[in-house]
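Take a look at the structures listed below.
One chain, chain A, links the two complexes that follow: it is found with chain B in the first and with chain C in the second.
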Partner chain A sequence: MKEQRLNSSWVNSLLMLPALVLLAIVFAWPLLDSAWLSTQASSVLTGLTPLANGGANWQRLLGDARFWQDAAVTLRFAGVSVALELVLGLAMALLLHQPSRGRGWLRALTLLPWALPTTVLALGWRWIYNDPYGPLNAILRACGAAPFGFLTTPASTWLFTVLADVWKTTPFVALLLLAGLQSIPAELEESLVLEGASPGQILRRLTLPLLKPWISLALLFRLAQALGVFDLVQVLTRGGPAGSTESLALYAYLNAMRFLDFGYSATLVIATFLLLVLLTALGWLLLRRRALEPSR
Partner chain B sequence: MIESMPTAPSPGTGLRIEGLSRRLGQRTLLAELNLQVGPGECLALLGPSGCGKTTTLRLLAGLDAASAGRILLDGRDITQQSAGERRVAMVFQSYALYPHLSVADNLALGLRIRGMPSKEREGRIAAVLELLQLTELRQRRPAQLSGGQRQRVALARALLRQPRLVLLDEPMSNLDGQLREELRPELRRLLCGGEQPVVYVTHDQQEAMGMADRIAVLRDGALQQVGSARELYERPANRFVAAFLGRPAINLLPASGPRQLGLRPEHLQPVRQGGIAARLQRREWWGNQQLLWLETAQGDLRMLVAADQSLPEQLQLGWRPEHELWFDSHSGERLAAL
Partner chain C sequence: MKGLLLLWSLAPLAWQLYTSLVTPEALVSGSVGTSGSFWTLENYRQVWLADPPIWRYLLNSAVVGAATTALTLTLAVPCAYGLQRQGGRLRWLVTLALLATAIFPTVLLFLALLQLARALGLANNLLALSLPYTALCLPLAVLLLRAAFADLPPDLEDAARLEGMNLPRRLRHVLLPLLAPSLASTAILVFLFSWNEYPIALTWISRPELLTLPPAIARIAGSSLFTVPYGAFAAATVLGSLPLLLLVLIFQRSIVSGLTQGAIKG
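And then the complex of A and B:
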């Protein structure tokens, strides 16, 4: 009996091996390689040959104003867009949860932005925001207003980049929260209705508490994605103007692909990775502790 | 045997349902239901699934809107009132306990929503927890309770509101058989005999007969008969009621012309002469009784006799004429005895 179980657990481990090997190749190895590269000078100056330079890359990072600015941009971008997505996604999920005719079609339709490749939608938005020929400015002109340079000043560019991201990823949050809503039995709400609860009270006292695990999940997923934002800003703004939309991922890309400084790029990648791990772990810990708290 | 037929409710007290209907598109879920339930009376709505009993309950609660008809509670027309205004308590089949709240908070939530001061609230919760012997469990979450305990919490939540009408939707169907039997008297003690009428939905005839003062049998959204368990059993309005009440089910002999004879299994007995010839096919021994499956020229019959009665393979079956139930073979309506 014992032998059999030992045997089966050995078989289990063996069956997991291909997945582990795959993960090691696509995840652990590049990560470790980058970590190693972040301690090397590897640029055009060294003929792209890695030469150990101790902590020079990391020292440079600490004193790099552009890094700190990009970190701030990335955090602000992730914080604001994820917050907006959660609020809008919840509203959308609540609407889609209402019984109505053609609900299936409506759900499919709302998912469309999320299904589009980011590059495609970023090109689309670049045209929509175009000054002076884009559709938004056409509408402004039709209303008799002067054309607006959506992507010309740092503040407005940042804002409209956030909006483009919110437009794309809100459906994802909505879908996740809709699944959560559908897992709540209808009688719970009916029981509260019999108590005379208003829709607002039902939301606050019942729906939101029961949706908490789903909200946490959406939050962690989206936070991890938003902190690594690259394709949207690369296509829509190229990080400009004046670095106002330059994310850490974009800065790392520029260092590698434009300045051919692979050592420093690797340092940025690892720094971004650490930031991401730190924030998601923090979020996870906070949400988990909340969930374990006894109700009042 | 429950036979206490309460006095007819005087106007202004109890529940009165007049011509209540619900249609969804082409489908009629409930057709022209008329019923009265007196104060403190427990009425069971009995029928197979899809007969309209849960529909009726949801209309009474205000969770669904009536297509026609009126609901009067204590003389007031509540048909147009919202569910929250009706002061109706409902115990759901699943109990509908809030999974994220402790037992005490499950009870408190409704009172909080109604804005009851916390001192009064705590007092009432403590009293109802005591009444249902739940005080020890007040900090537990629903997931940490047994099925029977969950049901008690659901009951406590219903009683706490001091409702003017109590509705129960299959409250025992998630419990095992023995617990169900044990809980019936407790449920009656807690719910019935107060001021408020009680409407109890079940598909279990034994539960209906054990719990309710009167039973309303529904089929396909239409009321078949309402009366005490004994009235329904002894004088069923039609073949459906006769077949739905009583286990093992009534023997319906093949229709001969316009009439069909029904005989309850316990009313058949072996006779020396006369009667009809039968051959013993199979026997189920139940300890307190035995059920015999008999083959006759009239088709297969079931007979219920004492457990220790021994019978030959071949026998003659008889019955007393007053036990005959005659039905119109076409409409199924019961005909007056001949």
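And then the complex of A and C:
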């Protein structure tokens, strides 16, 4: 390769070094530090000075019902919201891909929920769900129905938190899938149309198989982000009612900032990280296996 | 279908705008109340004159955003160039690390970064906040810019070198001008991220006058969980969204193409 003779490998590495050092400080070091801290007692009781306490934090974690509930809440939240986002995101991407007048504007306006701050939007949703003055209840009233407490019972709060997350992040999935759609040569679709294939057949035989790498990318990215959900639940529900929307990240945050138990907070951080690695690795293996199989 | 999509995307935002512009009576009853008017700018006056005023948060967010964008591009350009010119196992390894860090959820870093901030005295410092922000933006920025470098004609740099240009001059006078569109879309995405980041700002900044917009909004929300000054909330959210709204609408082409091009090549 001609390109590689331009600079020595030394120069290239040197150019990458500053960025990689900063990445190591901000990503690798925190994980190592939290892993270490998870084996220490470090709370108000120790004056926030770390004292080795063996596996006590981890033992506590295994017997902590709140941890298991939060893990279940987080997994259910991630599974359901990511699945919905992929389906809706695909529909949105197909719509945004169609040539039409003002397509650029349509794309920009559709992207807005993704581009605006989550805390701002979460506050907005709290007002939309407000009982009895919010717009959703105004619509219910206009239809003659009784007002509904969207954020009152655990089940409905969980559901409407998922809805707010789907609204906010689907545009991002759509954007990634749109990139995939743009990479499919138009001639392929035209030739299928000439063969008399229906839109449904084109989607199944051409679009979806070729879109697979992008769907995988969107899935991995969204899964990792959803397992770390924090901003939305912290502002929209504060984890309530009865912990029904408390994510692992929120529990870790509360342990550090409210209960001032840094050792246990670190244990929760590492537990969440391990869960994340396990699930993304599993997802990656499954997707890769699928990709190796002959499509149809 | 397109109408439905627009309704789904914009109705919640439009409702915020409406809420911010009407009197409390009008909001609750839908009609002109005792105050005699339906529309009002009172909510905006209130948040504009609050202590600290909303423009303070906007300014703080803009400062962090600008510093983060500048620092990210400064570090990402050489890294992306080196990565693109580098062959073999190192390139594969670095790309893998960048992908892994790009999908990593930020919130899991807050605890250790908080300790770091306390140990180094970086808390309550807006410019210091842009250090972790830069690291969080670097993976995406490097991947996008590397794809852009890969797009340039391969003989171009060689020709410049044969004319006796050294590496800094080649970058500045030959390569970077051609990269301007990619640099612009990367900068916008970095600024967006920085404007929206919450968990680290929440834990690094405690002085009210230094808060960036997301924790400020969350604090307003938390301080009055059971009262309904929603008009003022809505005014704050509208003002907080406005800069990004303009950014997205003005640069929509560059954002969409930046992300999609990066995803295709990356």
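For the reader, a short list of remarks on this structure follows.
What we mean here is this: the second predicted complex is superposed on the first by the 287 of 296 C-alpha atoms of A that agree within 3 Å, B and C clash if a C-alpha of one lies under 4 Å from a C-alpha of the other, contacts with A are read in each partner's own complex, and residues count from 1 in each chain.
Keep this in mind: contacts are C-beta pairs under 8 Å (C-beta built on N, C-alpha and C of every residue); 3 or more make two chains touch, one makes a residue touch a chain.
Note that the structure is predicted; figures quoted are calculated from it, not measured.
Overlay on chain A: chain B and chain C fit together in the combined arrangement.
In the superposed model, A:233 makes contact with neither chain B nor chain C.
Once chain A of one complex is fitted onto chain A of the other, the partner contacts of A:73 are absent, as it touches neither chain B nor chain C. The partner of chain A that touches more of its residues, comparing chain B with chain C, is C. Once chain A of one complex is fitted onto chain A of the other, the partner contacts of A:86 are absent, as it touches neither chain B nor chain C. Residue contacts after overlaying the shared chain place A:128 against chain C, while chain B stays out of touching range. Using the contact criterion defined above for the overlaid structures, shared-chain residue A:187 touches chain B, although it does not reach chain C. Using the contact criterion defined above for the overlaid structures, shared-chain residue A:219 touches neither chain B nor chain C, since it reaches no partner. Of the two partner chains placed around the shared chain by superposition, chain C is the only one that A:12 touches, whereas chain B remains out of contact. Measuring from the middle, so to speak, at the Cα centre of chain A, the directions to chain B and chain C differ by 80 degrees in steps of 10. Figure legend note: chain B and chain C, brought together by superposition on chain A, show a least Cα distance of 16 Å. Of all residues in chain B, those touching chain A in their complex are 61-63, 83-86, 88-90, 92-94, 96, 98-102, 105, 109-110, 113-114, 139, 161. Chain C contributes residues 1-2, 5-6, 8-10, 12-13, 15-16, 19, 27-28, 30, 75-76, 78-79, 81-87, 90, 94, 97, 101-116, 131-132, 134-136, 138-139, 142, 154-155, 157-158, 161, 167, 192, 195-196, 198-199, 203, 213-215, 217-218, 220-222, 225, 228, 230, 233-234, 237, 240-241, 244-245, 247-249, 252-253, 255-256, 259-261, 263-264 to its touches with chain A in the complex. Listing the residues of chain A that touch chain C in their complex gives 1-4, 6-7, 9, 11-16, 18-20, 22-23, 25-27, 29-31, 33-34, 37, 92, 95, 100, 104-113, 115-128, 130, 133, 135, 138, 167, 171, 175-176, 178-180, 182-183, 214, 217, 220-221, 224-225, 227-228, 230-231, 234-235, 238, 249, 252-253, 256-257, 262, 265-266, 269, 272-273, 276, 280. Residues 185, 187-188, 190-197, 201, 205-206, 209-210, 294-296 of chain A touch chain B in their complex.
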